[in-house]
Structure formats: structure tokens, C-alpha cells
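In the two complexes that follow, chain A is the common piece, with chain B as its partner first and chain C second.
Let's turn to the complex of A and B:
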């Protein structure tokens, strides 16, 4: 099962980014990962502009968004994605080190599809990411209402 | 000191003996003396014991001081031995000290007697104190080790039971499905029924294991202990047979405890069965209840019991008793002295589990050839009786059409539950972990009525998942399923959530889901603060 669509990872902390990439490598999906270092870059990718002007068209399978990033923060990127009819269907996973109820509530209110508190320990982080990468099939084809339940 | 000093005097001269006593009495030491002259009388007195101190003459007709000392060291090694004698060279005196004499007093200088005796008594007292302290320390260390061991075994058993519960859910569920599909006349029906019976037995065993590890859900109520016992009396009589005499000595007081009545019965039954098996040739079995004031923690416990009012339930037998090496293991699961196939080794460990779960502890006293006695201590309760819970709603249809998000990491369990739910008419989305459920759930949230989730899953737990989804959909009904009974309290206090213990039957599942979905919220105004579906987010819902 190969995910045809890329995975967009927006993460300004190089250590966290490296950990996520290592975990995805283990799942043999690291070649599909596009790494952006801030929110503005992520938006450039999504809208095919700036350095991503000439990229292949199409939405990523999933977007991992760090909550706190320079230039444009994660919540703002999330708001823009969910307000755009073309981007709205992309599943967005908020990756964050914030356990604050307010961030959680706001993320979901803005339409995040999952909110993952970055585990501090390496192996926990790996397994959290692995867990995400085990169901790319679901993410690649966001099922229309009902089709998911047919067997 | 009011208790007189029990003195053994080895002295052939009554005048000297009286003088010694008078000196002691004058010095403020009251004595209960016993005077002996001969070797035989001395030995007899030593054997009889109850001596605090020996005062001996050194030179006696036909007997000498050194031999008297040797006899005393042998027969009463802890009793101080003081020579009170005339004529002795330094060398001999030192020799007696080497051989264990406490002191040597010359009859010519009786003035040293009183201080010597006083010092000896002080030392005696200190030594006894130290011994008591050491014994107490040893005892508490032993208890701590025992408690730690039981804790560890309990955790192991609990974890094991969890895995088996998952497996049993699959076995029992599928065989139930088969039975339903087969129709009454099917030739294979009896075989499947046998499978189910075996599964039931396995589930019962697991329940016992969980009880031991204090993970069995219990339903504690404030109740009177005595009726619980008198209610099972006839059953107990049948249980123990005719060779054993049963005596019930219930207290006149109304002893109230907070416990699960079924579990209390289990305690009594298990202890009675244990007592019965200890008396294969018959005997007497006594069940006793009383109130008790505890100032110490009983030997078998998990955490120390605060001192205070307790209720004691004792079961004693007149059987063969247990050697200490057996007694050390009686509450461990699978420990049994019964022959293979006769006992599971879970009876007493179940008792231990229930008692400690209820905040109590146990003492066991056993004497070889005389019998064994179990004392169960449970905290005494003075609160009022609780009212019986409201009655179940009437039978309703188990079918439904609502949409359920099913989250379970064990795929066999998930598929079983999914198929059952679909058969009942529900729409089911499934996910195998919390994160996947989040992604699936947030995309279908509009039509979703119920989250049915395992509690313990890698990564995001069921409770976390529920918390997340409730942020966007506050009226989402929650049903938690778990094989870990640690999770029993989950969802309590929230009327629109429920908990189901694995293994569960398809019927129990169907009924719980129906009950949850049919529940009309008390405050019917639906929360409109959140978007109804995530597909239509708008700018103004950033509240």
C-alpha cells in the first residue's frame, strides 16, 4: 500500500522534525514527506506558490501542523485550510507540546481532525507518529458519508 | 516494682538464706523466694521455670556451684545467676563469670548484693525490651514483604485476565452468533453449547482472578453483616455435609459494613469450604461475628489499617491445622494443598482480594492438630442504609439505526462488535486507535451519535479520545469497554456515558447501547455553540 499523495509536515523545531521523519522512514513513507519550517511555507505549499510554484498539483494526504510556529502559526494555517473549499477536506493533525485545554478546544473548533500532544520521550513520539501512518488508506481517500461503513 | 522477684535460692544454710532475703527486702526488693538444697530439687525447680533470678551458694554438700551453674545455663539460659558465697579465690570467681555467672557476692560483704541485683534487673528489663522491639520489626518487615508480594501477584493476574477477557469476548461472541444462526434443530448445536459452557467457566475463573487482584467491579452497599450469614446458613449446611457440626455465633449488635453483598457471601463460602476441606474426618466449624477495636493492622493486608472500629468475621475449624510453610502461601492464587482437580487455589486468594478491596485485613492462626481460625476485619460503618437503585426500564427493542464510531485495537473484538452492531441496524465507522478515530470521527461528526471505545489503547486512550470529540460534539454519547477493571469508574457521574466490562455478551452490548441512545438529556437545549458538522466551518465559531 503506497500513499500516492505526499504528507505535509510543518514543524519549526528541527529536533522534532527529525524525530517525525525518522519515524516515517521506519514506515517507508519518508520519501513522501514535505517538510516546511514555518506556517508561511506550509501555506506556500498548499497554494502552490513561492518555492512550491512548480510542484505537482494536488492536495497532501494529511497535514501535520505544529501549533506554535514563526511567521504564521499553526492555528492560523488551520483556519485558512478549513475556510478554503479546496483544502477543507485535507485531514489536519495538530502536533503540539501544549496540553492547554484552550488550545485543544480552539483547534477542534477551527476544524482540526486530531490533536496530538507531542510526547516528550523519543519512543513515545515515534509510536504516536507510527500510529498515524498506519492508516494512510483512510486518509488518502477521505470517505464520503457512509462509504466507510460498507464492508 | 510491685511484682515480687521470683527468686530461686540454692543454699543449704537457712540462716544465710534468711539473711540474704532480709538484705534484699531492706534494699526495697520484694521477693517470692524458693529455697532448695539438693541437686535434684534444684533441677526440678529449674525445669518448672517461672524464675526471675538464681542466687546460689558455691559450696554445697554433694553438689558444687560450678555444676549448678552449668545446669542453670542449660535449663534456664536467660535467668541471671548470682553466686552468694563465702571463701573463694579470685581465680575461681573469675572462672564462674566466664562460665556465665552474672555476679559473685561474698557473704561477708552482702552490702554489694542489693546494687548487684538491681543492676541485673535493669539489664534484664532492657534486654527484654530490645527483644520485643526486634521481634516487632521483624514482624512488620515480614508483613511488608507479604503485602508487596501480593501486590505484585495481583498486578500480574490482573494483566493476564485482561488479555484472556479479550480472547473470551471473541470466543463467546462468535459462538453466540453461531447459535443464533443455527436454529434449534441443528446437529452441531450441542457442541457449540458445550463451547459456551466452557467459556462461561473460564469467564468465572477470570472473575475470581480479578477479584483477587481487586479489579473485579464491586457494588458496595452499607449492609448488616449478620443477615448475610444467616441467609446462607442452609446452603452452608448442605455444603459442609453431615460429619461437620456448624455453629453460628452472630453478635447481638447490628454490625454494619460497606461491602458488596455477593462478595461478602463469597468470603463466607470460601472460608467455609476451606474449613470443611481441612476436616475430612469431621469436626466443628464455627462462624462468629463481633465488633472489634483494632489498634494494629492484621497480618494479611495490602495497606495498613487505620486504628478504629472494625467488624470481625471469624471462621474456625477443628481440622489438622497448617504448618507455617503452607500458611505463608495460602492467599496466593493457584496455591493449593488439595489434590489435582480438587481445588483451583483461587478460593482464599479471592477472599484476600475482596477483604483488602473493602479496606480490611485478615489474621490467620493455625495450630497443627488443633485447627485453623481465619479472622476477617472489615471497617465498621455507622452510616445509613442506602436505598435500592431504581428499577430497570421495561423491555424495549434492541435494534437501532444510529451512527456509531467503534474504536478497538484488538481487531478480532472490533470485527465481532462491528458485525453485531450492523446486524442490529446501526451504521458503524471503525478505527483501531484513538488517533485514527479522531480523524474518522471529525469527518463524520455530524451524524455521529455514539462513541463506543476501548479504554486502554496505544497512543491516545479512549478517555482522551472522548474528551477530544466532546469538544466538538458535546452531546456525543459515550460507551467505554475494557478488560481492565481498573477502568470501572470511567464515565461514572456522566449520565450520557456508560461502561461495559469485557467479556460481554452481544445482548448486554445491544441493551447498553439502546439505553444510552434512548436517554433523553435532562437539559434538552442542545449545545449550539459548536458547529454541527465540521464540513461547514465558519468564521464566527471561534468562541
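Let's turn to the complex of A and C:
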């Protein structure tokens, strides 16, 4: 069990974030979630800089990435994570509204570990988020790793 | 057939010019003037045929010029042969003339002196005479007039030589005195002068013939030069016309190619724009829907116990509507993707395809009694995923619209097969439709039934038509209200070009 490891959720839309958190709350894992509102913030968290300068060291158990975000979008964050030797072992799940083939193709080409289309129907959305966060945040054993990378 | 207006042979005109049948007695419209017919004919030809016609004319011109030149050159060569013969003849005649003179003179010297040496010239003539006449006959062959003169000349020479022979015999027998008169006057003076006359006539005749031939050759040469010049000029004009035709055609083709490319670029730009639009629809329009549904659910959970039945129904309707709109957007996206998605072209086994579809539908078939008739189906060229969607839609529709029947009957088979296409049908005994709405069936979001009768967004058959069109095929349907429906898909049996 990896109870200590946080889940990083990068989601610019506050409503989507709230709904996702509501779903995780039912699983009692919402307190493990770190919410970032754009790609730049997510990168700050991963690289322990900016507002996350003094955070507890260590990579998250999983990163849930929205595709369309201001400043740095999901695909760019994904590219940076997978290009960094210290970060590329972190499981990354794309969580998006887009079912476009080129988004799918590009995400997998960049090394995404999973690609989930947010269901429009709330119950489906709820169960999707629940299952995802349980699997990646609780069931899955994350890779062993050292401390926060210093880029 | 129209009434004959003149006795000129009827030459078929271009189809556009076909005279309309007219009432007898009406004033006939004068057909095109005769000389315009080749032009009309030429205009009706394709560019390839025009060029071929031009080159054929050039070829015929070359043939004519070659034939005439060959003929003229043959005349020139024949004349030059005849000229050589004439010159030889004139030379031979003058030799004979000289020889006969010589023979007479030296013979007279013999008569006077009795010296045998002087008989040499006479003997030579007697010896050479057959040879002379062999040549003369050769050289005058083909000219009866000259041959006649040759005969005369032969006689005269014989007489001269005979006279001379007689005189020699007398001299040998009776000495100088016996031939004194002959020695002074010459034994065959008259014959010799006749010979001179004949030879002069023959020479003059030959020289005339020579002059005639020179004139003829000169005329022939002039003819040839004129013909060659006119021919070359005509060929030049023809070739220039053909060049103009080809050039004109190439310019036109280039212009069309440029225009096509420009339109292609415009289309591509429009397509890109559309793609960006549908991408944004896919992403941005779905989020608020998710929020509507999500917050409605959260609201119900938060205040669930205190809500009355009506309020619960309202919340449910909000969720359902959001869900339905999400479905519509998804269907629309699939439809738009179907139009631009790359087609994978392989051979699709429809038998296998229908089998798979029935397996995939098995959950929807629970609790239903359906009598299936699946006839053998062919293999067709196409995109397997797309064709799967076509038959999935058609069969799922058949299943859906027979749900009110105690025993549903669904039949799939080949309606007919030609060399170019195969027509496959899916028939059911369901609720059917009114043929007057048949044209609406395949439209986007067109439904012939109320939502509470049969669910669905109305995109299925639009997708079917779009996919079949992309395969180069056709779709249509037949039905009657409450009597079932039959959907037809005609697919080409050869691979489409793109």
C-alpha cells in the first residue's frame, strides 16, 4: 500500500475539479489529492519550485492530466515528464473530454500510461474517477524512486 | 426521315444540328452550306482526333509530293538515257559518213594507180558494215521513222559497195583504160550523195528529238520545283495549325490544372477549419454538459431525502437531457469523422462480418424471439471498420424496429449481382415506414418515429449512406407502414479509385 503518496490532479476547470474531488471523497482519498489549475503549476509541483518549494519530497503516485489547460497544456506536461529521467517512471493518466484520434495517438506516442475520456454522464464519470484513483492511487505499486528532481 | 429538299447526298451532321421533324409542306430550313460541312465535322472532333486528322493530311501531302517527284525524276532519268543514245547515234552516223567518203575516194585512187594499198579503206567498210548496222539498229530501236531510214541507208551502202566491187573487177580485168571514166567520176557518185542526204536527215531528226527532250526536262524540273514549293508551304501551314492546336490544348490544360489546384487548396483549408471546429465541439461543448449532469446528481444526493417526487423527476429530466445532448454531440462527431477519416482498403468478408455483428448484439437480443435468415454473402473491397458500422446500423435497426412483433423476422442476403456491383439487402417485418418519407430516411438527425416509441438520435442511416457513398456505392429503402422495411446497399465489386 502507498497510502503516503499523493495523487496529482491537473485540471483547469474548477467544476470538473470539484466533481472529481467529490468522486474521490466517496473513496476517502480526496485528502491525498493535490490540485493544480494549469500545466505550469503541475510542473512546479513536480520540480518542487514556486509555491511547492517547501513541499514534502517525493513523486506522486499518479498524475491525472487534462489535455486542454492554460499556459502549459497536458501534452506538453506529458512530454516534459517523460523526457525527465527522475519523473518518467510516474504513471500518467490523460483525463480529457477529447476523443480525437490525434490526441489519443499523440498521448500514447509521448508515453502516457492510460487515456480516459471523461464520460458526460455523471454516474459514469463518478465511477471512472473512483476506479482510476483507486487503481493508480491505492492498488498499483508505484516505482521506487529517490527524492524530488533538481532540474 | 425528312422530305428530300435537294438531291445532294445526305451527310450526317453533328447531333446538335439534327433537324427537328417538321410538318410536310412547311418551308424547309436550308441545311448548312456544303463547304461548311468539313468545318462542322472538324469542330465536333476531340483534340486528339483533330491532331490525328492534321498529321494524316501532312502524311497524305508527303505521299503526293513524293509520287509526283518520283514520276518527274523518272522522266528526267529516261530522257538523259535517250540523250546519250542520240549523241552516240549522231557520232556513229558521222563515222559512217566519213567511212563511205573514204571508201569512194581511195577506191578511185586504186582505179587510177592499181596500187592495192588504196583498197584498204574499201575493205574496212565492207568488214565493218554488219557491226555498223547492228549498232544502228540498237540505237534507233523505238523510233520507226529512223529504222526506216536505216533500212534505206543499208540499201544505198550495199549499192555503193557493189558498184565499187564491180569497178575493181573491171580494173583488174581491163586495166586503167577500162575504168578511166569511172575513175574520174567515181563509181557510185549518186549512191554516195543519197547516203550523205540520209545521214543528214537522220542527224537532223535526232537533234530535233534532243531539243524536244531538253524542253520537256526543263518543264518537268520547273513543275517539280513549283510543286515542292507549294507542297512545303502547305505542309508548313498544316504543321503550324497542328502546333497551334496542341499548344492551345496544353495551355488550356495547364489553366485547368492550376484552377483545380487552387480549388483543392481552398477545400483543404475549409476542411481544416471544419476539423478545428469539430475538435472544439468535441472538447468544449461536452464539459458544461458533464457539469449539468454532475451537479444535478450531487444536488440530489445532498438534499435527496427532503425532495418530493416532482423535484426528483425534474432533477432526473435535467440529467437525462444532458445525457441525450452528449449522445447527439458524440454521434455528430462520429458522422463528421466518417467523412474525413482515411479509408483502409482491403477485402471484407461480409458473411464473417454479419456473424460478428450478431454476436455483438446478443445482449440486446435477450428476451426477444427473432427468426434469422442469413443468406450467403460475398466478399467486397472496402474498409472493414466502416462496413461493420454500416451493417451494424442496419441490423440493429431491424432488431429495434421489430421489437413490437411477437416473432421478429430478419433476413439478410444478396438482392442482385452485376459485373460492377453487388446489392445486399436487410429485410425485417417491423413497423416499416411510409414511402413518401423514404427520401428523409438517410438524412442527418432525421427520424420517422417519436423518441418515446423507439430511441435513437437519427444519425445511424446518415452514417450508412455516407460510408456507402465513400465506397462508391448507393443506398435506398423500401417499406410500408406496419409491413416491414427493406434496406438496400449497392457496393462496387471493384476497388474505388481513391
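Brief remarks on what is shown
In this section, the second predicted complex is superposed on the first by the 134 of 151 C-alpha atoms of A that agree within 3 Å, B and C clash if a C-alpha of one lies under 4 Å from a C-alpha of the other, contacts with A are read in each partner's own complex, and residues count from 1 in each chain.
Just so we're on the same page, a residue touches a chain if its C-beta (ideal position, glycine included) is under 8 Å from a C-beta of that chain, and two chains touch if they have at least 3 such contacts.
Because the structure is a prediction, the values reported are computed rather than measured.
Of the two partner chains, chain C is the only one that A:118 touches; chain B does not reach it. Contacts of A:109 after superposition on the shared chain: chain B is touched, whereas chain C is not. By the document's definition of touching, of the two partners only chain C reaches A:68; chain B does not. By the touch criterion defined above, A:99 lies against chain C but remains apart from chain B after alignment on the C-alpha atoms of chain A. More residues of chain A lie in touch with B than with the remaining chain of the pair chain B and chain C.
When the shared chain is aligned, chain C comes close enough to touch A:13, but chain B does not.
In the superposition on chain A, A:84 contacts neither chain B nor chain C.
Of the two partner chains placed around the shared chain by superposition, neither chain B nor chain C is touched by A:25.
The intersection of chain A residues touching chain B with those touching chain C, taken from the two complexes, is empty. Residue ranges of chain A in contact with chain B, taken from their complex: 62, 82-83, 88, 91, 93, 104-106, 108-116, 127-128, 131-132, 134-135, 138-139, 142-143, 145-146, 148-149, 151.
If you check the complex, the residues on chain B that touch chain A are 418, 422, 427-433, 435-436, 438-440, 442-444, 447, 458-460, 468, 471-472, 530-531, 534-535, 537, 539, 541-543.
Looking at the complex, you find that chain C touches chain A at residues 279, 282-284, 286-287, 289-291, 293-298, 319, 322-323, 326-327, 330, 333, 337. Remark: chain A residues 13, 15-16, 19, 22, 67-68, 96-101, 118-123, 125-126 touch chain C in the complex.
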